[in-house]
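In what comes next, chain A is part of two complexes: it sits with chain B in the first one and with chain C in the second one.
And then the complex of A and B:
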């Protein structure tokens, strides 16, 4: 997984690319989120457009990202959820926990 | 050749040996205090036999009576040996603190002997120097003033005369006292030593001095204190023996422990030629004695015998010289050959050491014992976490992880002295090293990668590190790295092996968690299959017979793989089994398990789980699906349904709520439970097995028995993957309603 970050209207947008598989990916995302929290940036959108595959550990990374943000009074939303990930979220019922949006703009807009 | 001349030659050789030892030690490093003291002592010791030799020659020439007292008494110069010995005992092996502070004490040590020398050389007849009677004759006021002076002078001259008369006896006692004190100081110094090699050497010196003192006592004190008369020649022989033993032991130990690392060739040939000369003297002496003996026995000279002696001498001479040569090389002198020996010894030793601690011990020992380094520190980078640790044989030192000195050291590729560093002198590591008296740094490289360094303090001998030392240290560091890497690999493989063994046990335990026998009923049929991708896995299935006759079916998949997932499986197993004591609905069971799991896991770990209870009488299945892959229901009429109802995955959300659903089955209906490892199997073309393929297979083969269907699916998956190893654990459970 490669991770690029950008900001839009004070909202952090994370753009992972490739497969989210766990191992180093987990610490990478975890550290990034903590970095933003310490900077007071607590609104995060993860753009999943370029994530083509996610295993259970990858899902775990998203979950711990979500709980990290929420425990620190922040929020994490998902955008551009691909069909595969959508079905994964559906099966695991995580769709009820994550707020998902069709586009990054919608996700960013939802914070207002 | 007269006997006396021979004796004189032997004396001379002894004296020259001692003299040359002195010169050798002095030339090694004339600025070294211990060297200066030792060589001066050897000069004094050597002067004894040399004077004795001259005395003997004079006596042989019948000139003794005609020589002046000055020339006879210059002989006593050699006795300066005793104060010099005392001085030596105060600086060897460790310099006496008192002497270090009060340098004048040194003069005090020499005062009696210098006074005595002046006495025997110039003042032995004080009356010759000052005509006292002329003073006595001065009258009047001058006489009155001079009277006390005359009196004092008279007293002085009288006491000098008395001392002169008894100076032999008197100084025998003084010399013996000096000897005694020297032995005492040496003994004390030796006791404080901890370095075993130095200790042995100091003990050798003490032993030598003691023996010398014994011989000297027999030669001088015994005759002085008793009426025993000892012939002069024996007394000289004893004295020279004492000198040789005493000085020899000192010279030996000084050479042996100080001369480890300088050019030896010169010394070797010197000692070699001196011993040859000594041996030659002994041979001649023996031959002359034998000739004389034969002459007396036979009454005349037999030239043929002398030739025989000569041949015998040559015959014996060669092997004995060879033997001495060996001995000299082996015992007395160690040099470049030593480095080769040490390297060879070291590589032979470490090649077989696979224990890291033992390896460190060996290198510490080699550097301390063979190179005589006072203390050795080793700094090594832990391959696992990249952190450096600094330690010596008996203590660990710490320094901050990001110390700049380490970065600086990375740039050095050869041994260097700590004080050569121009910067990074204020880092904690630098301070730790200099506080520990570390002097020389030898970087350790493993194929271009800096992995640490040796920190060496000064040598025990106080000598400098030579160019050869630095080369040797570099070679040793390289040898050490090879052994270190080997040991590390071995250790890792051991650890791996241990983990493998533990995993094998874990696997057995996990297999034990699976139901051993499948419940049997008239209304249903069961089959199950599970295969972990690794030794242990995160998949789990279970069958439980409830008290109301219904059948509990569980399938779960812990996130991740391997040991962490397997631990979660144990937790799921235990939680589910614990729930069975109560009459909970499946949704309650799942909800309770979720709360149990939540309190024990963190970091986004979770499990998906399906739990249902099938009542064979009513053919009703009530179930709750906590985020697990939807189990597939294939109805008799090929209709497909999915068991979706339930709630969130187990673990991250303790407050999650769960729904339950009841569905009614008819005969020949089939429920296929599985974990995502089945559908997410990949083939060579990176295609996924997928749900569609599974559905197709199920529909086509729905009429097979549970067992047959299971075999078929497993076979299909294996065919599909075609030798590609499992990426994830996969599990199948099939329930068929009869």
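And then the complex of A and C:
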């Protein structure tokens, strides 16, 4: 997995690419999320457009990010959720927990 | 054990998550030759990483002396993948349900639930001498 980050209107946008399956890749995403929290950046969008798939480790990282953001008065939203990840979110009922958007722009706009 | 051992339809890795990507590459490389559809390939790849991760973390407790063995068995009707660890096994009935309200926000505990959702059949074989085999089966769709 590769990870790039950018900011738009004060919102942090994370763009992972590849597969999120555990091991060092997963640690990278987890650490990046927590790095932003420590910097006081609490509005985050994860753009999943280029994520082929993720397993339960990936879902765990998303939950960790979400709960940490919410506990600090922030929010983590998902954009461009692929069919495979949507299916996993549905199976695990996490679709009821995350706010998902069809595009990054929509996700960013929803913070206002 | 520090080396990865690859055979025709088998890969053996040390008990470290550093090797998860190597297992995924091995399995996807083999499965691509079967011309599965994208969804089937993803379901198998996700399930394999779940089973191997469980074998490393929960089965072998990341003991570097213990190995995880993956075997791939394919025929015209199904794909069967076995993941074997050297651990003491576990009680299948003691696994908490990850979709209940109290467990929904837990960061771990979804692996086997996801595997059972994605695979057509999942068998757990607890060997009397020690070690657990998780057998993942996906039946192939008729391509007519």
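Rule of thumb we're sticking to: the second predicted complex is superposed on the first by the 112 of 112 C-alpha atoms of A that agree within 3 Å, B and C clash if a C-alpha of one lies under 4 Å from a C-alpha of the other, contacts with A are read in each partner's own complex, and residues count from 1 in each chain.
Quick note on the criterion: a residue touches a chain if its C-beta (ideal position, glycine included) is under 8 Å from a C-beta of that chain, and two chains touch if they have at least 3 such contacts.
The model shown is predicted, which means the values in this text are computed figures rather than measured ones.
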Chain B and chain C placed together on chain A: clash or fit? clash
Just chain B (first), just chain C (second), both, or neither: which does A:92 touch? both
So in the superposed three-chain picture, is A:25 touching just chain B, just chain C, both, or none of them (first/second/both/neither)? second
So, does A:64 touch the first partner chain B, the second partner chain C, both, or neither?
both
In this superposition, the partner of chain A with more touched residues, chain B or chain C, is C
Re chain B stretches 45-53, 243-251, 477-485 or 675-683: the one overlapping chain C is 675-683
Interface residues of chain A shared by chain B and chain C, listed 22, 55-57, 59-61, 63-64, 67, 91-94, 96-97
In the complex, the residues of chain A that touch chain B are 22, 26, 55-57, 59-65, 67, 91-94, 96-97
Residue positions on chain A within touch of chain C in the complex are 19, 21-25, 52-57, 59-61, 63-64, 67, 84, 88, 91-94, 96-97
Residue positions on chain C within touch of chain A in the complex are 17-21, 24, 39, 42, 45-46, 49-50, 53, 98-99, 104-111, 113-114, 117
Residue set of chain B touching chain A in the complex reads 557, 559-560, 603-606, 608, 626-630, 646-649, 652-653, 676, 680, 728
